[in-house]
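Presented below is the structure to which this report refers.
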Amino acid sequence: MGDFVQLVVSGIAAGTIYGVAALGFTLLWQASGTINFAQGEFVMLPAFAMLLFLGIGAPLWLAFFAACIVSMLLLGVAFKRIIVDPLLRHGVIPLVIATLGLSVFVKQGIKAGVGALAYPFPSAFPAGQFAIAGIEVSYADLGTLLLAGGIVIALQLFLDRTMTGRAMQACAQNTEAARVLGIDVRRMTLYVFLINGALAAVAALLIAPSYLVKFDMGETIGLKAFFAAIIGGFNQTRGALLGGVLIGVLENLVGFYVSPAYKEGVALVVFLLVILLRPEGLLGKAEERKV
Amino acid sequence: MNASSSTVIARPRRPAVPRSRTRLALAAIVVIAFALLPLGLKSYGTYLCSLFCVYLMATFGLNLTIGYAGQMSLGQAAFLGIGAYIAAIGMKAGLPFFAMLPLAALACFAIGLALGFPALRVQHHYLAFATLGFNVLVFLVLRNEEAITGGTFGIRGIPRPSLFGLSLERDLPYFWFTLASTLLLIALLGWLLRSPWGRAFAALRDNPIRAESLGVNITAYTLLAFAIGACCAGIAGAYFASLVGFIDPAPFNFTASLLMLLGVIVGGAGRFLGPVVGTVIIVLLPEWLRFMQNWYLAAFGVAVIALMVWLPGGLLSLPERLASRRIGALP
Amino acid sequence: MTALLTVRDLRKHYGAIRAVDGVSFDVAPGEIVGVIGPNGSGKTTLFNSILGQIRPSDGRVEFQGDDITGMTPLDLARRGVGRTFQTLQVFHGLSVRDNLIAAGQELCGSMPRRLFAPPDAGLGEHADHLIERFRLTHVAHLPAGSLSYGQQKLVDIAMAFMPAPRLVMLDEPCAGVNPSLVDELRELLLAMNREQGGSFVVVEHNMDFIMRLCARVICMVEGRVLAEGAPAQVQANRDVLDAYLGH
């Protein structure tokens, strides 16, 4: 029983990281119809940026904020201006292909320019663990849970409760109506890209200590983010966190009770079940086929 | 589905398969030149030519799935792997290549059929994820089931077949054998795409709702599009196993699938010869441009983005694009 | 004479919105029936509920005496029900001729047979005939996506006739068509009706077109049938005028 609860707790912690990456992914889709296949690489880049800043002597918090800014500029503004804006009018698929190309470019560019080594990354939280009611919880898990969970919930509140947040949601749901209501659609879309850049940096900060920083670290996290987003419900921002946590917990349980070798396959199986049984996702709303 | 969601997919002006005699003659000259090319190459060059043929089989199949039937697949390398492992395991057990080849093809056909089911529920990007996940799963099985697949150590000493008592053990005969098989497969696909089935695939791609209202069994054609594409990769896999003699999971990871998909699209999805251009770019060019090392793939990534912005129909749509621009320039 | 198509008390509700709210009508063999009504009166929803694109909430649809309620578009196509859509629905990448052959081939023989059939599925002549009737000969080999809107519309309509269906349901055939072509389109439809003997149900806003094409007209308002009868009769109906003028 102790094992089980511990696995669930650390699974939730890992899952919230997936949730953070998935949330950015969902927001991009809602606000601009962008399916970002390079989302994993979007997490890998800030990790390298942080390493760079740490290397020149910055403390971790400063490195994180600097990486956040770099990420928002590069993965937010530049990504939108250079790739998304010119391609959006062609429809979904060319943009999907372009982001696939982007993921190849970023990954191979890092491999060619920096190398294929895996770099260790300092944890933002103290080492060690503490016990509550006989259950050992590591500070890293607790910190991850609080930070990632807090960010997702704060973002949800921002989207639901503030004028800007609601304006952003209005743009996502009905661009034309939002425009008629006098909402600056372009600015709102830009905000979403900026938020995605920041979320990528947060995910990088949290995941880098356990994944190590490597050119292909984005493959796993990217895939988990997609699956989490779809499992939770692609048209629901809340779904991202649920999907992420579900994957994190199930992975831990399967890894422990079934076989660690197939831990990576869990997300896929849940994903396949969801699209076969409930394609709109666990929290998503069904849409009737459009004629 | 709105029409603009699939601008990547080619809009061929001519019939799906070029028919005119001059084209046929030109193709024959190119094929003969290519067949004779390894005579002037060292062993590694011959190997590359064979490898090119193997990937052609897989990408021609992929082009049917994505270019003609309008589906999305990021799992072609998994089928290549399944075919390769089936052939390798069987041949190590003493079974002949020509028994394992149809088995690999059939197995991939069946698995492709099964993989098509998610495609009936979801489209496009969801499908990309589903096939991508499938590839990850296959990779895990290949790596973890050591008792069957040899795990990361792979399978060594896979023999090459002999044909009518002639050994294909040496590189040159094996290349000609692979080339002939590739041409046969391409011809079969060409015939299939010219048949009413090819038209039904295109109808499915262009407008599934209208197609269904006209009696096109979109369920059957969607599943078949996956199964036929997978089957081609399975066949390619069997040739691959015999070609390299040693297989491990590495060449069948999803990056390989991604490269094949991007190759087909860069060449021109839905154009019969698009995969030739794409396979040159993903298999042969990196060898010629070895000095670029990893920068080659990085540059390829940039090229894909640029192509999507300026020439979404792929490289083979360039002549048409230029022609239409010239017409557009006239008063 | 038994009716070809029988619609009884068909309903399609979206929550509290009653898009189609108990519609009943018959279509006799060989008859051309027009469906008119203001925008949002439920005409297209009615079509889609009959034709299997959406599942009706309640009611019954019969075709040649068989219950076809909730059948898929594929089943209906196989039974000989053809249709066009309100928006253009051609296969952009295929040539005009291939569009027509694609429209007909799936109802000839079995799937395995078609694999071994000649490339034109034996429908080349029939397609060429229709292409001539619809005056598309000069563009027959161009991809349908490259034609003008009006020409694509003709291809769209010609496709529905390719399998010689017993019933064709046309959703706004005149929308976006050059006025000079409208008369021609009507003549074409009348000729197709004479030659193939099929029945048509036509949704259309162009009153003149409907009045001169149809023997019987149904006027829908707010998901219900407001009036039904000969064109002149419906046109003169006060309620119909009120509905259109928005009283």
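Just so it is clear, A, B and C label the chains in written order, and each chain counts residues from 1 on its own.
To be clear about the criterion, contacts are C-beta pairs under 8 Å (C-beta built on N, C-alpha and C of every residue); 3 or more make two chains touch, one makes a residue touch a chain.
Everything quoted here is computed from the prediction, not taken from an experiment.
Engineer: Report the chain closest to the protein's overall CA mean, measuring from each chain's own CA mean.
Structural biologist: B
Engineer: Using C-alpha centroids, which chain lies at the maximum separation from subunit C?
Structural biologist: Result for max centroid distance from subunit C is chain A.
Engineer: How many angstrom between the C-alpha centroids of subunit B and subunit A?
Structural biologist: A distance of 32 Å separates the two centres.
Engineer: I'd like to verify one number: the distance from the centre of subunit B to the centre of subunit C, where each centre is the average of its C-alpha atoms, in whole angstrom.
Structural biologist: Here the centre of subunit C sits 41 Å away from the centre of subunit B.
Engineer: Centroid from C-alpha atoms only, then distance subunit A to subunit C, rounded to Å. What do you get?
Structural biologist: 47
Engineer: Indicate the residues of subunit B shared as contacts by at least two other chains.
Structural biologist: 9, 209
Engineer: By the touch rule stated above, which residues of subunit A touch at least two different other chains?
Structural biologist: Residues 289, 291 of subunit A each touch two or more of the other chains.
Engineer: For subunit C, jot down the residues that touch at least 2 other chains.
Structural biologist: Only 53, 85 qualify.
Engineer: Which residues of subunit B touch subunit A in the complex?
Structural biologist: Against subunit A, subunit B makes touches at 2, 4-9, 72, 117-118, 121-122, 124-126, 128-130, 132-134, 136-137, 140, 143-144, 209, 254, 258-259, 261-262, 265, 293-305, 307-309, 312.
Engineer: Can you list the subunit B residues touching subunit C in their complex?
Structural biologist: 3, 9-13, 15, 192, 194-197, 199-200, 202-203, 205-207, 209-218, 220, 270
Engineer: Inside the complex, what are the residues of subunit C that reach subunit B?
Structural biologist: Those residues of subunit C that touch subunit B are 51, 53, 72-74, 76-78, 82-83, 85, 89-95, 98, 101-107, 111, 114-117, 119, 121, 142-143, 145-146, 159, 162-163.
Engineer: Which residues, counting only subunit A, touch subunit B once they are in their complex?
Structural biologist: 35, 37, 83, 86-87, 89-98, 100-109, 111-112, 219, 223, 226-227, 230, 259, 261-262, 264-265, 267-268, 271-272, 275-276, 279, 289, 291
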